[in-house]
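The structure follows.
Order of writing sets the labels: A, B, C and D. Residues in every chain begin at 1.
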Amino acid sequence: MHGIGFDIAHLLAGSLVLVSLTMLYQDRLYALLNTYTLHAVVLGLAVAWQARLQDAPHLYITAAIALLFKAGIIPIALHRIVVRLGIHRAIETVSGIGTTMLAGIGLVGLSFAVMLRVTEGAALVAREDVAFALSVVLLGLLIMVTRRNAVSQVVGFMSLENGLILAAAGAQGMPLVVEISVAFSVLIAFIVIGVFLFRIRERFDTVDVRALDRFRGERR
Amino acid sequence: MMVMSLLAGIGLLLALSVLALFVGARPAGTPLVYAIGLVLSLFLLAVSGSALLRAGPAQTLVLPLGLPWIGTHLRLDALAAFFLVVINLGGAGACLYGIGYGRHAAEPLRVLPLVPAFLAGMNLVPLADDAFTFLVAWEFMSLASWALVVAEHRGAGHVEAGYIYLAMAVLGTFALLLAFGLLAGPAGDYAFASMRAAHAAPPVAAVVLGLVLFGAGAKAGLVPMHVWLPRAHPVAPSHVSALMSGVMTKVAIYAVIRIVFDLLGPPAWWWGLVVMGFGGASALMGILYALFETDLKRVLAYSTIENVGFVFAGLGLALAFRADGMAAAAALALTAALLHVLNHAVLKSLQFFGAGAVLGASGLRDMDRMGGLIHRMKVTSVAMLAGAIGLSALPPFNAFVSEWLTFQAILLSPALPQWGLKLLVPAVGALLALAAALAATCFVRLYGIVFLGRPRSDAAAAAHETDPFSATAMVIFAGLALLLGIVPGPALGALRPAVASVLGTLQPAALRLPWLSIAPLAASRGTYNGLLVFLFIAGSAALVAVAIRLVAPGRTRRGPAWDCGFPDPSPSLQYSAGGFAEPIRRVFGPVLFRSRTSVHMPPPGETRPARLVVRSHDVVWEVLYAPVAGLVAAASSRLNVMQFLTIRRYLSLVFALLVILLLVLALWR
Amino acid sequence: MALIRDLAAQAAEMALVVGAAPLVTGFLRKCKARLTRRRGASVLQPYRDLLRLLRKDVVLAENASWLFRAAPYLVFAATWVAAALVPTFGGGLLFSWSADLIAIVAMLGSARFFLALAGMDVGTAFGGIGASREMMIGSLAEPAMLMIIFSLALLAGSTQLSVIAAFMQSPAVGLRVTLGLALAALLIVAIAESGRIPVDNPATHLELTMVHEAMVLEYSGRHLALLELASWVKLLLYLSLIACVFVPWGVAPPGSGWLAHLLGAGLYAGKIALACALLAVFEMTIAKMRVFRVPNFLGAALMLGFLGAMLLFVSRII
Amino acid sequence: MNWFLAHDVLLVLSLPALAAVVLAVLPGYRLSARGNVAASLATLLAALALFVRHPAPGPYFLVDDLNIVFIVLNTFVGFTTSVFSATYIDHELQTGRLTPAYLRFYHAMYQVMMFGMNLALVVNNIGLMWVAIELATLATVLMVGIYRTHEALEAAWKYFILASVGIALALFGTILVYLAAAPVVGTGLQGMTWTVLVAHAGAFEPGLLSVAFIFLFLGYGTKVGLVPLHAWLPDAHAEGPTPISAVLSGLLLNVALYAVLRFKMLMAGNPHVIAAGPLMTTIGLVTLIFAAFMLYRRRDIKRLFAYSSIEHMGIIVFAFGMGGPLANFAGLLQMTMHSLTKSAIFFAVGHVAQAKGTQKIADIRGLTQSHPPLGWTLVVGVLAIAGMPPLGIFTSEFLLVSSTFARSPLLAVPLVFGLFLAFAALLLRLQGLAFGEPTGRMTPVGASYVPTFAHLALVAVAGVYLSPELVTWFQHVAGMLG
């Protein structure tokens, strides 16, 4: 298994983490979307490489979904939403970029600390992939909780989900990967449509105290 | 066999409550339900009474109900039989009373189905022989009585009273549940028989004791767990108040005896100390609360706390004697406690019946608006007088006998070897003596303000005698109180197997001397003969009356009251309930109730009246309960923010939890 | 034969307490008068008062109830029976076993109960004052008395008065701190219970101070006579009690002959007379207390009694 | 006939799936409501047949003693809820809150949801189970938002986002389980099949399994409503149609709980893995106590009972975390009783809200006066949910508290504290609702009491009598759970 195949898989998965960290760094919505597109492309390449490595043709479908849907349709749709809602100017992050980055690096460290120790029995490719995937998942969550903007939160969720696909693809011979990636695509489509339909302009934060005061009667 | 008939009776009571759902709305439904309830209670009374007198070995029965791998264990021993007698005596009285009194219920459907259910629950508790059945019956009893407390739910404070009641009841049940959990052990042996066989280790037993004192003590009304009692008992319909105060508190006492004396194994000496301490404190605090209260039914409820204190003092003594191997003395103390249980059940039922009659006749509960009812409610006033003398523990009525026995038991306690007991027992004796004396003051005040003097309101002036059924119930109970007072021997005899079943030793034989005298341990230690005292007093009163008639045939005239030459037509110049207790308040109030008296005196020349303002605090409530309620309120307000976070913050919580768990995992190995 | 003799002794005892009570009060009044350098009324004056009252009509307040009319008989009967059970000159009264000391105190409690109710029956302010104060005094004096009984009972091993009296005559007694404390407490209780200065003043009708008199304010004629007599009997009861427990010498033991009884009677008269004289001196030298200071006074008795009982509990090894 | 018996599992799944299609095209809301009831009843019957005869576990489907509990409960409550729903939507149509077009969608989604839940329960594959739970979640999200009010959309949105994250975490956990299993049982479908996994659990890499369990616990725990993952639950319950609240509380939480339990069993098969028990007890206690405190400040009647569901989930998770035959038995019983009672309460609450025209607790007073049958039903239901005998939850709480106290007293103290806090809060609100001077509308409401009474009757019977068969069965399941 050692050799160039492993190195490329390693490189691609590592790049995904790097792109995740880059996303964490972005404070402009367009830039974030662009970075996400890159994220999806890298994912697609990683999955495709895994398909080749594992000789599992169905993974190509997943890779195609990643390239077409995630790197194509969704970013475009989100672009339009951003324009439509007029929120292209800035993302305000909750804490400073520096702290967020530090936290991100800490998370990557954590995921390696957790994963590498426990995956000794697993095949090497899977082992690295899983650790990288966990990093991507955690970073995606971090993006979600450090952004106030609905669109960037969706982006965070999607990058999280990319991590999942990476892990699934990395797990040798895992069934249902395609189905799962399809299911997730549906989910994401729902979310994007939701953002669009419900005109969630600024944030998921509409469920805040003042809104409840007005609507819920829970606080009266 | 007897267990079966008791079960049948209980089942019929439950069926009756279903029947009441259907007939309750009709006018004839109320008397019908109560009449059937009376018959069933009398049946249960007869069965349990014969079980008590028969005094054979305990009968058991296992039904395939309840916890599946244990079943429902039922057991009828003498102790259970005695308490069943008390319960059904009270139940029969309440039903008889209810035949007449029930028509006062505004919405009979809220009362009728619940009274038989309540009775059934109370009957089931002494029969239960495993923890699950016991707690189900116990909680069912609480639930039924709670529903009765909130039956008149539109009254001010009634719903709050119900809330505090059920909350305390459930807290108590949890305590009992934990106690049973400890007794049953990890394997879950919930049958009492196996608990009895397995003696708990001393520290465990101590925890169980604490939990039982809290759990059952709360139901019995021990200070400081009593707070619900004076709120809940008065707001129920009066015959239910009688059941709650007179009977349900006794079921709680049964629970304490059953668990602490029977299931817990041999006691440590200090258990008695703790139990006695609670008893003494309850006796004094209860009667002081009663003295400063002006709501008639609440006075009676507080007086229940006092009497429960007396019972617990007796139980504590019995524990201490038992721990030190003084079997005869333990039997004496337990006999005293049990007799007081019976006596108080009779007296308190009677008093609540009377209070109900007053309430029904005048619509009043506030003593300061009553007065002069003796002229308009002849039967009630006589019965209430009997009850008042009885609850004041004065001869020749019944409570005196049991308190006398308690004091005699205290007099045996110097033989106890432990210093803690030596120091505490006389102190508890002093507390009980004080409580007994204050009880007399309390009931002079109650009777004097309510029945004597002049009416303080139009409602009191327009009061009328109660219905014949209620009156009959009261007269029977008054007669019973007198009978138990002058001939206590048979009651003591009936208690013999009950005491033996708990302690394994018989009562001292001296308890029943010839000529109906009673004495502790030996006649030389002091004797009392209620019958002779009664005959003496009655005889000499008659003798004097005849003699006076002979030597002083003067006429009797009616005239205006003399009142030192300053007769005032306004009834408001009579002593009020508050005024009557003022001297006592001056003694105890500043310390125990943090009461402050302030006098607002107008400057000379002004015609404004001076005002005397007394502020008292329910210290127990303010120190123990209000802060807890405040803490819960504060904590829930603080946590309530969690309802109104943004999605991002919720996600942060998820994220934080995930990271923490992963960190734990990373550091774990 | 023995039964008849015992019955006779019991009857004599009952008669004695009723017959002698006015005399004791008369003597006490005489002593007080003499101490204030007055001549005072005759010692027989209480008898005359009684006769005068008995001859008069009864005037009942308009709204007095049956309780008001029954109370004097009940109060008197209870007090009388209680008094008759206290040994005076001879022990071993026939019916002494029907009630021990606790029961005797409780009977006095019953009497007080009815008296207080009677005070409240007419519905006047004064009746309420009297009843309230009387019950306050009683509710402190009674526990004190019970504590005294505890002390005595622990010493003698019985609450039976005749047994206690017999024990006090025996050499087993000795001098004990507890006895001293109990005596002091008993004196205070006796003063309070029988309505003497400084707790109450039987000779006043001043509204601020009266207790007993306030309760009987509405009574007249034979009812008043009975109540007065009852209060005198109560005084005698307490004096007898002190005499019997703390100065028991001369009380004829059960079953002794006429001579012993006669001697006992003589000594009893002497003891009572002495007690009256001492009481008179005490009352002359002390002022009436404010009502609200009475609890302190009685609290002292309670404390003394408690201390005495506690000492016994602690020192006793059985 | 034999074919039916052999393919009963398929029947349980295909009936709702077919019904969903049919109901989506069926015109006329009365007809579709009846169709909904009929389909639910048919599914229930199929499930009962499963109960009578378990088919042998196959590669795709597994019916054992554990999940049959859930299946029967699921289909039963699904059926009663459909009966309730028929009355409920009638009123909603009259008041104009729903239109017939939405109703068609509603009924179809109802069956989709039932399909998803049944699928999640019967599949023998952790990946498919994940897919099924996601499906059920999406269906409920759509139902929660069906009123299209601002609040409803908000609640649906919150539910959707939080549930999505939960689902993602659960998937990651599932992948990890596969990774742990693959070296032992080989790659492919084997590595995701329950029966295979459980058989070989002891040989899996324990560290990986531990990480997997954390993800699975958090992921499915979000659906269970464990604090602090619970945030979607109160709003989703409060703003959706009441039948959906009943289904959410009574069923969906159970299905998620079932997933957690399955994975706990897997963990139990490996001795070196991180102990799931302490984690579950801790989270259970936190959930219980937190929800108990939250009960005090509730102003919306459905949110109140939603928090009560959270509280009960805390108790149940605590019970399973304690483990051992008694606590597991108590947990199972508690879960069953909670499903029945809570859905009964929601039935009553739905009618109450319709009768009074409001969900605000402060505006509902004196129900026993204004609507006696409804009010008393609510009283009994709330007393049952609060753990009063002689109703079923008392039995399970009795077992749980007493056994916990005997085993580890320090855990029983917070448990009792939480139980009491919750009881006091529920009683406080109940008294306000049921007693006092009635306010609001007094007009009687057309209510269907049959489902409510059926549930409460079952709960009441269970409080005094549990049939030996049921007990043996539950005991066996409790043994399986370890």
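To be clear about the criterion, contacts are C-beta pairs under 8 Å (C-beta built on N, C-alpha and C of every residue); 3 or more make two chains touch, one makes a residue touch a chain.
Here the structure is a predicted model, which is why all the values come from computation and not from measurement.
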Centre-most chain, if every chain is reduced to its averaged C-alpha atoms: B
Between chain D and chain C, distance of the C-alpha-averaged centres to the nearest whole Å: 78
Inter-centroid spacing, chain C versus chain B (mean Cα positions, whole Å): 35
Inter-centroid spacing, chain B versus chain A (mean Cα positions, whole Å): 68
For chain A paired with chain D, centre-to-centre distance based on mean C-alpha positions, whole Å: 31
Touching two or more other chains - residues of chain A: 114, 117, 141, 144, 153, 204, 206-207, 218-219
Where chain C touches two or more other chains at once, by residue number: none
In chain B, residues with contacts to at least two other chains: 643, 645, 647, 651, 654, 658, 662, 665, 669
Interchain contacts (touch definition) - all pairs: A-B, A-D, B-C, B-D
Touching residues (chain side chain B, partner chain A) in the complex: 643-648, 651-652, 654-655, 658-659, 662-663, 665-666, 669
For the chain B and chain C complex, residues of the former touching the latter: 371-372, 374-375, 385, 389, 392-395, 400, 404, 407-408, 410-411, 413-415, 419, 422-423, 425-427, 429-430, 433-434, 436-438, 440-441, 443-445, 447-449, 452-454, 517, 523-529, 532-533, 536-538, 540-541, 544-545, 548, 551-552, 554-564, 567-568, 571, 573-575, 579-584, 586-587
For the chain A and chain D complex, residues of the former touching the latter: 114-115, 117-123, 126, 130, 133-134, 137, 141, 144, 153, 157, 160-161, 163-164, 167-168, 171-176, 179-180, 183-184, 187, 190-191, 194, 198, 200, 204, 206-207, 211, 215-220
List of chain D residues in touch with chain A within their complex: 127-128, 130-131, 134, 138, 150-151, 153-154, 157-158, 160-161, 164-165, 167-169, 171-172, 175-176, 178-180, 182-183, 186-189, 191-192, 205-208, 210-211, 235, 298-300, 303, 359-360
Chain B residues within the chain D interface of the complex: 64-69, 110, 131-132, 135-136, 139-140, 143, 150, 153-154, 159, 162-163, 166-167, 170-171, 174, 177-178, 180-182, 184-186, 188, 190, 632-633, 635-637, 639-640, 642-643, 645, 647, 650-651, 653-654, 656-658, 661-662, 665, 668-669
